[in-house]
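Before I ask anything, let me first share the structure, which is written out below as structure tokens.
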Amino acid sequence: MGLDITWAVDWVRRSAETVAEHRTRLIALDREIGDGDHGENLDRGFQAVLPKLDDLAAGSTPGDVLKLVATTLISTVGGAAGPLYGTAYLKGAMAAGSATSLDGPAIAAVLTAARDGIVARGKAESGDKTMVDAWTPAVEAADAEAASGADARTVLEAAASAAEAGAEATEPLVARKGRASYLGERSAGHRDPGAESSALLLRAAADAAVAAAGD
Amino acid sequence: MKKIINDPKRVVDESVAGFAAAHADLVRVEYDPIFVVRADAPVAGKVGLVSGGGSGHEPLHAGYVGYGMLDAAVPGAVFTSPTPDPILAATKAVDGGAGVLHIVKNYTGDVLNFETAADLAAAEGIEVRAVVTNDDVAVKDSLYTAGRRGVAGTVLVEKIAGAAAQRGDSLDEVAAVAERVNANARSMGLALTPCIVPHAGEPSFTLAEDEIEIGIGIHGEPGRERIKLEPADRLVDRLLDPILDDLPFGSGDRVLLFVNGMGGTPQLELYLAYRRAAEALGERGIEIARSLVGNYITALEMQGMSITLLKLDDEMIQLWDAPVQTAALRWGR
Amino acid sequence: MKKIINDPKRVVDESVAGFAAAHADLVRVEYDPIFVVRADAPVAGKVGLVSGGGSGHEPLHAGYVGYGMLDAAVPGAVFTSPTPDPILAATKAVDGGAGVLHIVKNYTGDVLNFETAADLAAAEGIEVRAVVTNDDVAVKDSLYTAGRRGVAGTVLVEKIAGAAAQRGDSLDEVAAVAERVNANARSMGLALTPCIVPHAGEPSFTLAEDEIEIGIGIHGEPGRERIKLEPADRLVDRLLDPILDDLPFGSGDRVLLFVNGMGGTPQLELYLAYRRAAEALGERGIEIARSLVGNYITALEMQGMSITLLKLDDEMIQLWDAPVQTAALRWGR
Amino acid sequence: MGLDITWAVDWVRRSAETVAEHRTRLIALDREIGDGDHGENLDRGFQAVLPKLDDLAAGSTPGDVLKLVATTLISTVGGAAGPLYGTAYLKGAMAAGSATSLDGPAIAAVLTAARDGIVARGKAESGDKTMVDAWTPAVEAADAEAASGADARTVLEAAASAAEAGAEATEPLVARKGRASYLGERSAGHRDPGAESSALLLRAAADAAVAAAGD
């Protein structure tokens, strides 16, 4: 069973909810090795998306929802995360195309495109202690599940779990991109806020898929 | 958190509104999206200069909008780069037909958002060039990192490039002199206290009563190293030595010496630091041709300072001395 | 105590030395006794303006030495009035034959020391007049007390009287306009944090995280009242209301609105406060003809602000707009 | 037995010593209701007097010593206390005249002239919470002792004790002069720093007289 517009809208709502809930923690993570605005920025962005969901035209696709998220984040978040997440959702939307329902391989393709967008824009490699360190394991896990024929929900479950592990694995790293890189060795011992928020967003996607399956 | 503010979410809007009201002779403000622009923009035939970035560094950038310096400033949320929309709107508002220069401090967020805005402006037929400032020697530079931060040198770039634009230089020429200033400027800073971002409500780091951070930026982020507080002269040397080694600066060079306060340090201390910096340069045979001392690029209420040296040539001196009329820097008119 | 200083006893000397080095085009410094004087002093035929007082209020007063403002500034130890010797020496150094005006903030120490210096100068044949500023409405005035303090209004007196002297007014005329500015200026301040005098090493008072002091002066002394922190707009009203009632100011008046930072408060907050002050004046039909926002008279690193209103007349506006070239206030040249 | 130049010089040395010893306490008192510089200012002034004592010409009188203190305090202390103490010592010196030895009535006359100088300069009345509140009881006690024929040492002992009581009695007062007056009612409950330093200086005078008597 593929994931449709209902899932996509639910993902956005759950994203806004989880970001608001973890706003303070994301700010605290960013304060340790950055400038303390990541939770605030992302919260502002997702709160700005919510009212726009009501204006989605009838017959909108998951891709339309992702595009709406992309443009709203780009014009409201600012900082590094705004353009990076904006690009991720934009490329994801392009990968989703006009499909009304996304199956396992389609979801994996969306995630891959999103990750590739982040890398193209931010030039970070794995191990640089950025959100890429959440996205790349997520994409690999998603690809593996999709290749073995898993459904969309299972693909997202795998991606979310891998992103969570990836975010946690940023802790010992010395940052080479983003603000944390200014700290040099002192950046080690702290979790990257962008990797953490990426894990939250992917968990929201998986939870929405579970809810959709329960329909 | 003790601040003279109302709703933390409205800090930037309300402050910019106050700025606009206090300086209606110099600037006007557009609110949706928000940016500050020269009262007489666009100036026909003049290259337009746009800078911007997170708020909290005042007087940077709005304080430098006016004759002989910036045409527009785009304030983001506190310590958060603005989004592309207001940058694009500001770019269009200052386009006098000779192209627009974006002066961007090297932070991932600023670079990406200005990039997007420049692409959008280009799509609308405006010629845009960008200069990315990166004068902070505290950050180790390498191909594999985000590179050095743009800090206090940015003020010097804005003044000198602004003067070049004001005298009628072309976009290429203005961009070239901006690049030259950036290439010849080096900065390093320290903090005695952290600062508090209004929406965060808590300090960016905590320091014991006898500790300071060396190699900080302008966003309340911790620096590269935490040391015990030392006498002022020693602190000045700690900032100056890596700066001098980096370019390097040497005997016979003429420089602009810029001692900048981070926002919460009194002038008494900045001039006291200037004294040692001037002495140290004298010992090395470096001539201080121009000076700037004060709170010109800040990190909210942070106590601390940065030192910037700019190696000058005749043209830079001439452009530095050229008239400027902005809220925060003014001479010659 | 965290400060960018060396020996606490040498803070003023070293800072003044740095000031002199950074502004050698504007001023020179005499060290024994210490005072700062216009590079071209004495200006023949011009009334000389001398001000001074304890250090720690920078840019006051040395930052206002130069064309169109003060001829000399006499810095005492931190928050301590200077002794008569340097005041006398400065008075002699600026005497261009047209007499000398002392601009004295109303504190017992300043008044007594300037008085003695004036007596000594008179004995040497220099005509000296004194204007004592006392614009602080926080202090209840009465025949039986020390009277109101001189605070931020002093900056306006120095600028406007300086312009009058620069255009060639006589000693009587310069003194008269200085008195008129003082008589039409009213100020009130608040502090979010105390400040630390270098030789004392401890804060002048302690405040809980949610407390502020209302009605403070500029010497880190406690104010008249301690209240809970409130939103900025409410704080502005608390300062503005007693000011408006005192002169009083009313509909149709043209004023200069001056929002002054106490040293540790960022511009972001000062402009935010200015917004509300401008709004409140607008509601009362008072016209803001001129503005000043920034750290112009401070109490070291204290966080806080003061608001000053000056009721303007045509001549004051003209003198305010006249060219001035000092380290801290500059326009028109 | 009268008090001579040795006593006068010893008084100055003891003054410098007691001011240095109580510097921090005077600063703390001034921080509470003033600007925290009183101890620092006075310490600077008396430290400046010390080296000048060595340059006193042979045959100098107590009046010469008081004049030296006056001019040095005037040119080194600043603030309110500089001119006020300067005037006090100057008027005291004039009252001492060229006498080589000061008996009880002469000492009382010196103290009276000093107090009158402070009042003439600062315009404070008794009860305004200033140094006058130490000096006036001191002068009254000195006059009373002198009138009943006491010697100089006894006059100074009485003056010092009365000054100490007077300083203590400033605590409940609401200040009407000096910086403390800016605090209004909040100035009550704190001892006036200038009254306290006045008591210290008069105690030093009495101690020097005791030491002189022991000669």
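In this document, chain identifiers A, B, C and D correspond to the written order of the chains, with residue numbering beginning at 1 in each.
What we mean here is this: a residue touches a chain if its C-beta (ideal position, glycine included) is under 8 Å from a C-beta of that chain, and two chains touch if they have at least 3 such contacts.
Since the model is a prediction, treat every value here as computed from it, not as a measurement.
Ranked by number of C-beta pairs in contact, the top chain pair is B-C.
With centres taken as mean Cα positions, subunit C sits 29 Å from subunit B. Note on chain placement: the centre of subunit A and the centre of subunit B lie 33 Å apart, centres being C-alpha means.
Centroid to centroid, with C-alpha atoms defining each point, subunit B and subunit D lie 55 Å apart. Averaged C-alpha coordinates put the centre of subunit A at 76 Å from the centre of subunit D. Among all residues of subunit B, those that touch two or more other chains are 78. Multi-chain contact residues, meaning those touching two or more other chains, do not occur anywhere in subunit D.
If the chains shown are joined wherever they touch, the resulting network is a simple chain of contacts running from one end to the other without closing. Of all residues in subunit B, those touching subunit A in their complex are 54, 76-85, 107-109, 112-113, 115-116, 138-140, 144-146, 149, 197, 199-200, 202, 204-205, 217, 219-224. Considering their complex, residues 2-7, 11-12, 14-19, 21-23, 55-56, 58-59, 63, 78, 192-193, 209-210, 212, 229, 231-233, 235, 263-276, 278, 288, 291, 293, 295, 298, 300-301, 303, 305, 325, 330-333 of subunit C touch subunit B.
For subunit A in complex with subunit B, the touching residues are 27-28, 31, 33-37, 40-41, 44, 74-84, 121-122, 128, 176-179, 181-184, 186.
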